[in-house]
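Attaching a single structure in structure tokens format; questions to follow.
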């Protein structure tokens, strides 16, 4: 086999980690979910995307960031009706992130960026950021979703009127990042048009007020949008935009 | 003195509350904050706006909603350096909302809308929504910030390049809703332009990645934007948009 | 409209709050409940009384105390069978009070007095006081119920053999403090005599051992005592005694 | 050695415990503290009194009550400055009592009486009672302090103007119940008169508002009152009153 | 009655406790359980053994150790189907031990040894040890089960193929330490041979993987092994080995 | 790239997961740690071993088990002085495992085996097993460390007098399972003989009483034993023994 993966803290020895504190002052934490992704995508889709993006961002940063331990399971109660979904409580995810942060801070890191492939983790990450202002005031804690960073590229794909979970953008990313895990022949459109949604479900699609519904009330097969319409090249475009944005952010952060 | 305030559950007797469960199937919960609002606005600004908006929404709904107990303090660790700010932990706010929800649900209500005047509560409300999917699956739980509902109106006010907390939109709302609490003569612009921000502070203004900084690192006087540029009429326009949007949402919700 | 309410921290700006730390070294926190109060009193009775008493105490102290954020909901599981009651857990109320205290302490206040209109909050406040001895040893934390401060005046009203919740003393206070919220025509006596109670219910009336029963096992209409026997003047006498006692306490506290 | 102690659940086998559920429908739980008791009394004074009183009450009930596991440590943060004091948090004591209660309830008991020798446990027991109303509605949960049950007898002892912790009443009880643990030659008066207290300390002696101070600010030797003035006979009178009151309470409870 | 028990912190005054911090630098904490012990042993068996062993160890150490407050109830969910068992949650036991430790540490002790008669407490004690490394780094925290310290002596007793809870070793100890609590005529063998166990139950007897089953699925009468085969002398041999091992451990600890 | 990894739930779609509930009734959860492993092994050593062993066990079971989401970080406070170590609290790990278990149980699985490469997780897993007896009584929850399953093989390697963390057995496993991650040229013996340990450190090596010390007090380089003495073949022997034992356990479990 080959050498340890560069930029991966887990592959380093403790002595290498000690050097990384100064050489690589940013730690990236990939956060995923373990949840249904429709007929064609695997349960770990969000973790896979987050880990691959972190690899690409770390490579783009040429050693100025290391990748810390993953958060393989996220907050997914809205997918629990679908087999295989494992969800943790917001408080548990918050504790995990805060404890990762505390120990990385103890070793000397001051910049931490959690990259979540699952938007269901956003709210919890927002609360962690608030808590860390008090508990670790010298730590700069940032977090980001993935697809939202490439909104313009996604819009350019020609997405369905209703799209989102396991739809065009997410499927495209996986076709690019982990094509061997996509069951291309089973990809199937889910709810794609507003009129397919119940009146109650429509209320969940308007931003604010935010109304939470379990996914089985939004789409029978767990998909919002049409995953059959996208190609690996679409995914490459989305991923490139995400990675560029994140590299630029960290560049600016390190220069600030 | 006059009669009990209509639509206010707290002003009702238990017998009236029992009737309200069927007559008024939506409960509005105003959520605020107790935090600095610059030289000219009071600490309770966010609660005041939330409570007044709930009054207007309930009036607009003509009895189909009642207003439940307030959440007067929110999650404001980023304002703690400014005197008077009182902040509670996300877990405490989450427990409060979940316990309000559980008892309202016990009495028969199935639709609950938390109206928060403070965006710092958004993340916590998002986690509560996730938790309630599991603990009270028959409850429909919605929440909303205020100003974000009137984004187009705010944009039309001609806001500063940098604007937000205690700035144009918020000051306008208070000039309309509670003018006696605005120290008009002390209103002062805070950070209004990107170039006034430190490089690190600029990173907090771009959406994602989200980077949390305490407010004293963003603006010396606690204000983002220029509160001197707005009028009560501006506030009326913003509030009208918010109230209309919320009444329409509840109308659709009740019809769904 | 008129000016901000004097003594109300929530109506102040952050600069005014900074001055209040030295000018007004005591913070009063009104604590209420959101619970049934029989056929004639509103759910928010306890909060209303606590807030009005705090206003009067602050006025009596002529600027030496400010009123902080309210605690609108208390610990009321014994009233849950009656519509409209919202109760929070002791641990949640304790967290709230401790977090209010921590931030007020952070800004420099060292004397905090929680004024609770609801005796169901007493036990929790007692535990908070114990916890604060360890976590904030320089803070002087005091708390008080209302009616218990005027025991002699209440006794002089000629109360029923069994009296208490929503009975003579509480109704009198509300008739004085918020008459527009009393449904005078619906006030109805509840359990007023020992012989009306079940043998088990009688055991709850003797002080110690303390036995907790839900209120529907004590009184069909949620009232203990006869609220029809009292007048606004009775309430004025009770409230005056409470306010005098509290002003005297704070006077002595500030002089100690 | 002799036989197992009658009435002690811990001395019974599981088969005997199964019989006790119906034969002895009340469970007594002795609760103590592990805290300074001045120069002459042992740290475990409160547990010893609670356990001995439970023995006497169980004997007086002739088999209708059993004694469950003790709570040897209580909530004593106000005594922490004195060597040997061990205090647990209110939340920890509350969890312990609630978990004892849940398992005793699981086996079929429906009446539980916690007998606390330490008044510092009262507030926590009050919160437990509230929580159990919701979690175990069929359980009848009662709790009681000791000395407060014999207020008239204590008053008749001719106590000091200031009296209480490790003072006349408590010392007398221990002289009667566990004379071998009293260092009679070291018993020393503590603060006995109001004028000996600082102005701040005086505020703690008036009931309400309740102000918590650590004990070293009330009395240099940890004693309130004069333990040298009492005799074992005084203690017998106090204990008899306590036991009679408790036996009568349980008699009434079983008959209710 | 006689004098206070030597070595028992609870029997000491605060002044004596202050001296013990230096004279007796080790604190022993007896931990038990309140759980079924088959037809012949009492529910408190584990606490009794732990307390008696602590007495003997403290005596053997001649004043270099004191005995702190007991932990009378442990983690026993696997015995809950048997009447009388009271179990607390691991988190509750952990909080208790950590809070005992924090206060003993506050007074100056730096060596704490928890002696648990119940192996069901082992896992929790292991987690407490881990937590204390971070929260009280100067504290040396040790814990030990009892019977496991005398494995060679137990093997020499000629135990059943399947043995353990309430079996040979435990019964022998109680026959020696508290014979008045053993119902010798009711002692009955439980599951003693592998072939008596269900295939699933056999999987619990092999160390690792560890599989947890409730005890009613292992043995109808709650006993593993044959308690009728042992004598008080067997118990003396087991106890002597345990005490010797513990005295030697503390000797080495104090010399380290 | 190739197909999804067989037996990995994360690589499956929700439909495949639904089939796996019946086809593969055992879920394996790999648990690791993120902690120093001396000069030659990577921080993620324990996770890597756990994941590889789960792969081999699942393969050995030919479809009767699936591999669920990993637990990449464990309880490692004793390694915190060494750079790179990230540790979570026992309560956080316990919550994670319990929440994984609850959702897997919700989908229908009844047999869950956590395979931990890090012995520091053992105590927490023991407490989780106890909690699950109450919360999910139909779930059969098992857990296992790795190296302890191959004690005889390890003994046969000719290990140092003092050996353990990052020593012979662990290094051999990694040389076999992930040789590309071993810095063979940097492997260095740590503490290998009893006389090298301080008297206090020696007390940690005797089983019981268990005394916890941070690792920097046991070994300067974080290693116990001599990792230079072992070969990949040694590792293969250890791993084969572990895998065989686990396959046999699951076989027996499924047959029980």
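Which chain is which? They are A, B, C, D, E and F, in the order written, and residues in each are numbered from 1.
The rule is simple: a contact is a pair of C-beta atoms (placed from the backbone, for glycine too) under 8 Å apart; a residue touches a chain by one contact, two chains touch by 3 or more.
Each chain and its UniProt protein: A, B, C, D, E, F = Creatininase family protein.
This structure is a prediction, so every number in the text was calculated from the model and none was measured.
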item	value
Separation of subunit D from subunit B in steps, with touching chains one step apart	2
From subunit B, the most remote chain by mean C-alpha position	E
Same or different residue numbers at the subunit D/subunit E copy interface, by half rule	same
Rotational angle, Cα trace of subunit C fitted to subunit D, multiple of 5°	180
Most widely separated chain from subunit A, with each centre as the mean of CA atoms	D
Centre-to-centre distance between subunit E and subunit B (centres being mean Cα positions), rounded to whole Å	56
Chain centre separation in whole Å, for subunit B relative to subunit A (CA means)	28
Inter-centroid spacing, subunit C versus subunit A (mean Cα positions, whole Å)	48
Residues of subunit D whose C-beta touches two or more other chains	80, 89, 91
Subunit D-facing residues of subunit E, complex	1-4, 8-18, 20-21, 34, 36-44, 47, 68-70, 72-73, 80, 82-89, 91-92, 95-96, 99-100, 103-104, 106-107, 178-181, 183, 186, 222
Parts of subunit D lying in touch with subunit C, wherever the complex brings them together	75, 77-78, 80, 89-91, 94, 113, 120, 122-127, 129-134, 137, 140-145, 148-149, 198-200, 202-203, 206-214, 246, 249, 252-253, 255-256
